[in-house]
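What follows is chain A paired twice: with chain B in the first complex and chain C in the second.
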Partner chain A sequence: MQALTNRSKVVSNKQMTFAEKMYLPAILGGISITIRHLFKKKATVSYPEVKREFSQVYRGQHVLKRDDKGAERCTACGLCAVSCPAEAITMTSAERKKGEENLYREEKYASTYEINMLRCIFCGLCEEACPKEAIFLTDRMVPTDFTRNEFVYGKDKLVEKTDDRVDVTKRQTKAVLDFKKIKQLSHNR
Partner chain B sequence: MAKVTIDGIEVEVPDGTSILNAARQIGGDVVPPAMCYYSSLKESGGKCRVCLVKVTQGSAKDPRPMPKLVASCRTNVMDGMVVQNITSPEVLEARKGVVEFLLLNHPLDCPICDQAGECDLQNLAYEHGAAKTRYEEDRRTFEKIDIGDKIKLHMTRCILCYRCTFVADQLTDNRVHGVLNRGDHSEISTHIEKAIDNDFSGNMIDVCPVGALTDKTFRFKSRVWFTKPMDAHRDCPKCSGKVVLWMKGEEVLRVSARKDQYNEVKEFICNECRYDHKDVKDWTVEGPRHIERSSVISQNHYEKIDLLKLKKEVERQLEFQKGKPLPEHNHSLNA
Partner chain C sequence: MIDFLIYKSILVLIIFTITLVVAMYATYGERKVAAFLQDRIGPNRAGPFGILQPLADGLKFFMKEEIIPNVSNKFLFIFGPCLAMITAMMAGVLVPWGDTLVIGGKEFSLQISDLNIGVLYFFGVGSIGVYGIMIGGWASNNKFSLLSAIRASAQMISYELAMGISIIALIAVTGTLSLKEISAMQAGGVGSDWNMWNIVYHPLGFLIFIVCAFAECNRAPFDLAECETELIGGYHTEYSSMKLGFYLFAEYINMFVSSAIISTLYFGGYNFPFMNDLGLDHNTITILGTVFLFAKIFFFIFFFMWVRWTLPRFRYDQLMNLGWKVLLPLSIANLLVTAGIALWLDK
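Let's turn to the complex of A and B:
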């Protein structure tokens, strides 16, 4: 039969010599490779203490942004959930009451907002669909946990804290920022 | 009978038919959009100007073209009339301008609006509008008004199509709301927020092409594309009882009348069906409602396809592409 690739080896039934039967050269060869690796630079880092450099557009754990005054930007329009290919996002909406203007930016807000991190494939389509610049993927990683329920992140984990803001300025490229300056686009008014 | 040619397609319609309705007999892309005309409401039309078409030949007897673009919902056909709709760049340009005008004062709060996803203005702007606006002044603002305890009026979103006032005039016995003021101060309102409590008043929600009149019982409950529309009916002494249930799981979030392919209700439903029967047990569910593929509501929406019907429709389209006269439209597909 003709070989499909030139990498195939012809197997022979040749008897091994006595020296070969001792396996000593082969064992020594193996040990030398192991020892050589002991002195090489490690390929891994011990994660929480040491962090690798992240790309500026790394798509990690989501954040629900607040605006400059600290009001939640999300209005529960559902575009993130409908664009989500993994159907990881669910939400319920509620109407803003009088006196809550400093909490929620628009007349409607998300009373619950959940992302199932086990379903999420971190594609970033929710971020792209969001008309209110409310949801962003950040360079934070989703930590491990022991139960499945812990991976359903609610608003307590997703909304950024007023005193601990998440910086997403790097994610907005110059092209995006320039686009937002065009006031003739009704989108930007 | 009158023979008219619309975008090169000839159709024969009874005398007194409007150009818009003649185009609807042909169907497909040549149908002008309509924001204010409503086939089941008398006297509607002529307000929004999005259905403008060009008449290049008035009639067989008098072949002169009409001097300006005409509103196709208000202009009747003549024998031998030649009309251009999508084949005329002038019409498309004018329509773009009309959409820009309609959007001048429209707040573009679609992420909040309950109508988003089934909004005629959204579809119109998407197909015909330009992304840029040249308007620099502030938009007009109004307070939100409760019309009775079931309907919310967002006057900011209104495009003054007058459909709801026609509903009030023609379906209800005691008209209590109408249009106040004139020109760009016009405003749909009730006198001193008087509650509307007659049996068919809820139909103004279905008739509204934008999110100006919305169902308060459905307010912010869910976005339409997360609900599953189901055809259902019940024995109702007041109306036909044929409705669409907008369901989430076993829960009925909203009840609305059935709309045809032009988003028009043919059989209006009563308030009792609309508001008081939000339990599946009250209804005989017929099955999932047919939703156009182009609609966002069809997202994750499954329905049983009648393959025979589909085959007939595909064959019909193929015949049309070959340049043959259009075979009869299969209305059962859009029912």
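Let's turn to the complex of A and C:
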């Protein structure tokens, strides 16, 4: 019969030689290997102080962007919630009042916007679906917590602060930018 | 007389403290050595380099809930860890931690008690140590603990024989059971007064002794009594809080004392090379000797850990084979050859 691979080995039941029965040469070999590891470079990354470099397009904690004037871009259209395969996003919409033009970019906005970070699978489909370039995934990690309720992130945690903008230019790769130029798509109008 | 009592009590207290501190930091050392041998960093959060880690661990042990199983024998359940701890501490009495200090014209020995049956005492205390494990395992009323207790006692019996006979070969040459005299015989070493340590004359005896010491301390590769994979922790499965801490602590104290005994018997104890050529006064030599003894002890503790993270655990039948069919005949042969040579040189 022909072997499927050339990696198969014939099993032998041979007796150990005297040197092998002594154990000692093998033990000396073993401890010399382990002692060499004592001086090797350590693989550990001391996480909070040292952060491993993320990929350019890492998909971490979401951000709800504001526009250049500081108004929220989100119009509560619900496309992100529809596109979400994990059903992690919920929102309620509200109408913009007079005098709130500096807060919300368009006349409809999300009065609440919640993402359940335990349900979220960080696929990025919400970002793809968003016609207003309001939601982005960033290279920030979702921190740990003690209760499940704490993982339902509201607008207080999701909307970027006016004085502490989140840079998402890395997420806008060439493919994304080319796609946004196609004006025939209602998505981009 | 009062001077003597005060001095001895102070010495006992100091050695008690040192033993506990060394055992405490051996747990830290174990974790660090384990980490380094596996290319990790190890505990480094509590204090600089994690040196407060043992304190944090100890505090945690005290804060944990103390669980005593309903079906256990309560007295023996509590007695087991106490016995393990007591016997582990007792062996430190006879180690000569250094030569004598001369203060105000009086000589103070750095050994708590120079028993003329020192080695025998060590064996006696060492074999009581297994009762801590046996009683704990039996009193837990848990079949895994019981299996572990049986394993531990069978292992102790098989390895104590070989250990004892390998020591008899040493004693046949030195002619004394007192550890102080055995250390004194190895004084000098390399230097003007040519006198080698016992390891040169008894390499095989040392090998047998150290293998048996691993088995006596229940350390890998002979840690069958507490193997997690088969016996879910063995004799301390049912233990929690500081009673578990006592068992773990006793293991490290055993390691410390075994290292001290190995250093004393085979590696010259508190003696170091060129000790008589430096021209230092007696007290300085004594203190330097104690430092050297501790260096030797720490090396052996490191060796214990080093081997633990190198070798896999023996199977039970392999353990018994090694003990009865290899180490015992080998130690008897070693005894006969050593005794023959000693007689021939002596004639």
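Here is the rule we go by: the second predicted complex is superposed on the first by the 138 of 189 C-alpha atoms of A that agree within 3 Å, B and C clash if a C-alpha of one lies under 4 Å from a C-alpha of the other, contacts with A are read in each partner's own complex, and residues count from 1 in each chain.
One rule holds for everything that comes next: a residue touches a chain if its C-beta (ideal position, glycine included) is under 8 Å from a C-beta of that chain, and two chains touch if they have at least 3 such contacts.
For clarity, every value in this text was computed on a predicted model and none was experimentally measured.
Q: Please indicate which partner A:Pro131 is in contact with in the superposed arrangement: first for chain B, second for chain C, both, or neither.
A: first
Q: Look at A:Gly30 in the shared chain and tell me whether it touches chain B only, chain C only, both, or neither; answer first, second, both or neither.
A: Second partner only, chain C.
Q: For the overlaid complexes, name the partner, chain B or chain C, with more touching residues on chain A.
A: More residues of chain A are touched by B.
Q: Between chain B (first) and chain C (second), which does A:Ser46 come into contact with in this model arrangement: first, second, both, or neither?
A: second
Q: Would you check which partner chain A:Gln61 touches, where first means chain B only, second means chain C only, and both and neither mean what they say?
A: In the superposed model, A:Gln61 contacts neither chain B nor chain C.
Q: Where does A:Lys108 make contact in the superposed view: on chain B (first), on chain C (second), on both, or on neither?
A: Only chain B is touched by A:Lys108; chain C is not.
Q: Under the stated touch criterion, which partner chain does A:Leu38 make contact with: chain B (first), chain C (second), both, or neither?
A: second
Q: Of the partners chain B and chain C, which touch A:Gly78 in the superposed model: first, second, both, neither?
A: A:Gly78 sits against chain B, while chain C stays out of touch.
Q: Under the definition above, what is the set of chain C residues touching chain A in their complex?
A: 33, 36-41, 44, 306-307, 309-311
Q: Residue numbers of chain B touching chain A in their complex, please.
A: Residues 103, 108-112, 116, 131-134, 219-223, 225-226, 296, 299.
Q: Which residues of chain A touch chain C in the complex?
A: Residues 27, 30-31, 33-35, 37-38, 40-44, 46.
Q: Can you tell me which positions in chain A touch chain B when the two form their complex?
A: Listed in rising order, the residues are 75-79, 81-82, 93-95, 106-108, 131-132, 182, 184-187, 189.
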